[in-house]
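Shared between the two complexes below is chain A, which pairs with chain B and chain C, respectively.
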Partner chain A sequence: MLDVAALIFSYTFIFGSLYLGIALGFTIITGVLRIFHLGYGAIFLIAAYGTWMFWKDVGFGFIESIVLSFALVALFSFLIYQVVIKKFWEMEDYLLAALIAVFIIIEELVNYAYPEIVGVYLPTTIIEGSISIGPASIPGQLAATSVIAILMVICYLLIFTKTKTGLIMRAISQDIFASQLVGVNFDRMFIVAMILASLPPAIIMLLIAPIWALNPFIGWPLFTYAIVVSVLGGLGNLRGTIMASYIIGFIHAAVGFSLDPRLMLLASLVVVVAVLVFRPEGLARAETIW
Partner chain B sequence: MLEVSNLTKRFGGVIAVNEVSFEVEKGEIIGLIGPNGAGKSTLVNLISGFYLPDSGKIRFLGEDITKKKMHERAKMGIARTFQNPRLISNMTAIMNVMYAVLGSERGSKLSLVEAYGEAAYYLDIFDMLKKRDVLVADLPIYELRLLELARALALKPKILLIDEAMAGLNPAEAERVSKLINRIREEFDLTIIWIEHVLKIIMRSVERILVMHYGKLIADDTPEKVVRMPEVVEAYIGEEVV
Partner chain C sequence: MIIHAFGRKYDWIIEPRYWRNPIIGVITLLALPLLMYFFATGVFGIRPVALLSALIFANILAMIGTPLVLQIIGTGRVSFGPHFFVAVGGYTAALLSKNYGFSPALTLPASFFMGALIGLGLSPITIISRGIYFVLITLLLPFILWELTYWRSDVFGAETGIPGVPLLIFTGDVVLDIMIYYYVSIAMVLILLFFTDRVMRSRYGFMMGVINEDEEVALSYGIDVAKIKVITFTLTSGAIAVAGWFLAHYQGSFTGPVWLQPSFLILILLTTTLGGKGAVYGVIASAYFIATLREVTRTQFGEMSVVVLFIILLILLYILPEGFWGLYRKRRYREYVPSIRIRRA
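Moving on, here comes the complex of A and B:
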C-alpha cells in the first residue's frame, strides 16, 4: 500500500511536469494570440523528425542537427503565423480548419519520408537507467525531462514577469486593441510569442524521444495532452495550466498504479468533462496569461 | 499638423462620417461636439486608425496616414482616450502607463527600471502616484480617466484625441479633469481634439469648435460664433447648446 502511494506521489510529479512541458507552448499561444492552435501537434513531429533528417539524411553532427531542428520549428511557427493565422485571423472556422490541415499535412509528409519501419531513434538520453525515490523507481530520463520542464516554466515566467517583451505580451493577451493604441506592434509580438511557444514542445519531444517509441503519429497523443491540460486549467492561463498539469498527473498516476494503465487517459477525460460541466471556463480562466 | 480631407465612413447603409474635411494647426485645442450618433467617435476612430475610411485622406505632419495601422499612428504621435476607458484591468496603474512608455518610439531604448521611472512621472502629473500599485479593476471612474490621460501622455503624443473625458464624473471631478487637460496642453505643447457632451466646460476650454450632425461637419468656428449658428441650434433642438 505504501509502495503504491509512493509511486502515485512520485509519478504525479513526473507526469505533471511532463504534461506541463507539453502544454506550455499551447498555453502561451492561446494566452497571447487568443487562438486555439490546432497545428500545435506538428511541432513535436518537426522537432523529432527534423533532427533525424539533418542528422541521418543531410549529414550534420547530432548536436548541430538538434540546433537546426529548433531553427526549423521556429521557422514553421513563423510561417504558420504569416501564412495561416494572419490570413484567417478574423475567420475562426477557416483558421481552425487550416491549422488542423497543416498538422495533417506535416504528419503525412513525415509518414511518407520516415514510416515507422525506418525505426527513427534519437539518442538524447541525459540520465541512463532508473533512479529511486523511496520505494518508487523512476526512469532517469523521465525524471530529467520533468526537471527540465519545470526549469522551462520558470524561465517563461521570468520572461512574462520580468522583461519588457513579457510585459507587452501580457498586455496584448488582455487587450490587443488598447495595446495597439500605445504603439505596440502586435504582429511582431505575435511572431515572438509563436516562436517562444514552439521551443518547449520541441525540447520535450527530444527529451522523451529515447523512451517513447517515435512514430509519425506521435503528434496526436501529445497534442491531446496539451489540449486536456489547457482546457482543464482554463485556456491561455499559465497558472491554470500548472494546476491542471499536476491534477492530470495525479489522475494518471493514481489510475495507472491502482487500477489499469489503459484507463489513464479515459479517467482524466472524464474528470475534465465533469469539471467543465460545473466550471466551463476551466480551473483558472483569466483574461491574461499570468 | 492634421489634415482631414473628404473623409467618409459607412456602416452598411449608414454613413457615419460623410465627406468631412478640416485642418488642425499645431498647438490648437479643438472641441468636437454634436448630438448622439453624429459621428464624432467614428471620426476619432478614423484618425486614430481603429477604422479605415471608405474614402478621403488623412495627413499627419505632412505624411499620408490614411492606410497606416493604429500602432504606427500611435508611434507617430497620435494618442487617444475613450469614453469607456480601455485599460488593462488585471494590471496595476503603473504597469498600464509603463507599457505605454515601452510601446512608444523611445520604448525599445529604455530598461524596465527607466520605463517604471517615466511611468511614475506621468502618474504624478495626474496625482495618481499614490495609486500606482492598485489594480485598474479596483479604480473608480474618475481615476480611470486620469490614468488613461497619463497613459496617453506617456506616449509623448503630438496630438491627443480625447473622447468624452467627463462621462460619468460629478461636476467637481469634471472641473478637475478639465483643468488638468488644459494644464498638460500648455506644459507639453499638445494639440488636442476633444469630444465632449458637457458643453459648458468644452465651450470655455477650447478655441475652436467643430460640430457634427448626421455624419456631416456643419460648423467650424469659435465657440461664441458656433452657438449662434442656426444649423447648430437646429441640430441641438430640444437641447440647450450652452
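Moving on, here comes the complex of A and C:
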C-alpha cells in the first residue's frame, strides 16, 4: 500500500510537470491570441523530425540540428500566424478547420519522409538509468524533463511578470481592444507570442524523444494532453494550467498504479468533460494569462 | 393544396416554378453512377468499383453533413464531434447484429435511438457550454470513445473492429451490389435533405435561425431556446448515427478507431464549411467534390495523396469564403445567411 502511495506521489509530480511543459505553449497561445490552435500538435513533429532531418539527411552536427529545428518551429509558427490565423481571424469555423488541415498535412508529410520503420532516434538523454525515491523508481530522463519543464514555466512567468513584452501580452490577454487603444502593436505581439509558445513543446519533445517511441503520429496524443490540461485549467490561464497539470498527473498516476494503466487517459478525459459541463470556465477563469 | 383530414385543415403551397433546380439535382444524383459506369471509367481508366465507392463515400459525408448543418444552426454551436455519433451508430448496429442477431431493419431504428439518446444526455451542454468550450467538449468525446474501444477491446475490438456484421445487400455481383448501395445511400441523403429543407423553411427553422443569430434576441421574442436546442441536438445526433449504421452494414464490420480519427473529422468539417455557411444544398456539392477529389488524389499521388488533398482543400478555403453555395448565391441572392461563430460569448 505504501509502495503504491509512493509511486502515485512520485508520478503525480513527473506526469504533472511533463503535461505542464506540453501544455505551456498551448496555454500561451490561447491566453494571448484567444484562439484555439488546433495545429499545435505539428510543433512536436517539426521539432523531432526537423532535428533528425538536419542531423541525418542534411549532415549538420547534432547540436546545430537542434538549433535549426527550433528555427524551423519558429518559422512554422510565424507562417501559421501570417497565412492561416490572420486570414481567418474573423471566420472561426474556417480557422479551426484550416489549422487541423495544416496539422494533418505536416503529419502526413512526416509519415511520407520518415515512416515508423525508419526508426528515428534522438540521443538527447540527460540522465541515464533510473532514480529511486523510496520504493518508487523513476526513469532519470523523465525526472530531468520534469525539472526542465518547471524551469521553463518559471522563465515564462518571469517574462510575463517582469518584462515589458510580458506586460503587453498580459494587457492583450485582458482586453485586446483596450490594448489597441493604448498603442499596442498587437500584430507584432501575436507573432512574438506564437514563437514564444512554440519553444516549450519543442523542448519537451526533444527531451522525451529517447524514452517515448517516436512515430509520425505522436503529435495527436501529445496534443490531447495539452488540450485536456489547458481546458481543465481554464483555457489561457497559466495559474489554472499549473493546477490542472498536477491534477491530471494525479489522476493518471492514481488510475495507472491502482486500477488499470489503459484507463489513464480515459479517466482524465471523463473528469475534464465533467468539469467543463459543471464549471465551463475550468479551474481558473481565463480573464488574463496570469 | 388544401387537405381536410381528421377534422383538421392542412394547406401546402405548391409552387412548381421552384421545382426546376431540385428536379435537376435529383436527376443528376440518380444518373451519376450510371454515367460514371458507362462513360467515365473508359475515359479516366478508374475501376468502376473504386469510383462508385467514392460516390458512396460522398453520400456518407452528405449523410453526416446535412444534419450537422441543421445542428449548427439550431443550437448556435459548432460541434467538433459528429464522428462520435457516427461511431455510436456504427457500434450499435455492429454489436446488436453480431451479439443478438438483429437484422439491418432492426439495427436502423436502434442506431438512431442510441444516437438520439446519447445526444439527449449530452444536450444540456448546448445550453451550459458556450463558444470554444462547446467545441472542446465535442472534440473530446471521440477521444473518450476511442480510449473506451481500446480499454474494452473484448467488446469493441479496438483497431480490428467488430467483424461479421450482416451486409445490407449481397447479390454476388460486386458491381451490382455497389450500385445498389449507392442508390440506398443517395435515398437516405435525399430523405435527410428533404426533412432538413422542410425544417429550415418552417416556423421552427425560422426560430432556429434566430437562435443562431442571437440567443438573447430569441429569448426576448419568447422563443423557448433551451427546448429548441435540446430537440435539435437530440434528433440531429440520431440522424448522424444513421450514417454509422450504414457504414457498419455496408462494410460488413465496424472499426471505430478508423472513423474516430481527426482526419475523418476534418473531412466532415470541410464538407460543411466548403458547402457554404449553413447551406444544406452546398453540403451535397462539397461532399461530392471532396469524395471525388479524394479518389483522384489517391490514384494519382499514392502515399502523398492525403497531403495533396488537404492542400487543395486548404486553398479552396482561401478562394471560396462562402463555400460552393456562395458561387450560386452570388447569382441568386438570398437574404438570410447564417453566421457561424465560435467565440460567441
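Definition applied: the second predicted complex is superposed on the first by the 290 of 290 C-alpha atoms of A that agree within 3 Å, B and C clash if a C-alpha of one lies under 4 Å from a C-alpha of the other, contacts with A are read in each partner's own complex, and residues count from 1 in each chain.
Operating definition for what follows: contacts are C-beta pairs under 8 Å (C-beta built on N, C-alpha and C of every residue); 3 or more make two chains touch, one makes a residue touch a chain.
Just so it is clear, the structure is predicted and the values come from calculations on it, not from any experiment.
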Report task. Scan A:184 for contacts with chain B and chain C and give back first, second, both or neither. Result -> first
Requested in this report: Quick one: classify A:162 as touching chain B (first), chain C (second), both or neither.
Outcome: first
Report task. Once the structures are superposed on A, label A:76 by its partner contacts, choosing first (chain B), second (chain C), both or neither. Result -> neither
Query raised in the report: Is A:11 contacted by the first partner chain B, the second partner chain C, both or neither?
Result: neither
Query raised in the report: On chain A, which partner touches more residues: chain B or chain C?
Result: C
Query raised in the report: In the superposed arrangement, does A:175 touch chain B (first), chain C (second), both or neither?
Result: first
Query raised in the report: Now for A:246: first (chain B), second (chain C), both, or neither, which partner does it touch?
Result: neither
Query raised in the report: Touching A:93, do we find chain B (first), chain C (second), both, or neither?
Result: second
Report summary line: Both chain B and chain C touch chain A at residues none
Requested in this report: Within their complex, state which residues of chain A touch chain B.
Outcome: 162-164, 167-168, 170-171, 174-175, 177-186, 286-288
Report task. In the complex, go through chain C and note every residue touching chain A. Result -> 78, 80, 124-125, 128-130, 132-133, 135-137, 139-141, 143-144, 147-148, 150-151, 262-263, 265-266, 269-270, 272-273, 303-304, 306-307, 310-311, 313-314, 317-318, 321, 340-343
Requested in this report: Spell out the part of chain B that touches chain A in their complex, as residue ranges.
Outcome: 48-50, 69-71, 74-75, 79-80, 86-91, 95-96, 98-100, 102-105, 107, 110, 112, 115, 151, 154-155
Report summary line: Touching chain C in the complex, chain A uses residues 34, 36, 87-88, 91-94, 96-98, 100-105, 108-109, 112, 220, 224, 227-228, 231, 235, 260, 262-263, 265-266, 269-270, 272-273, 276-277, 280-281
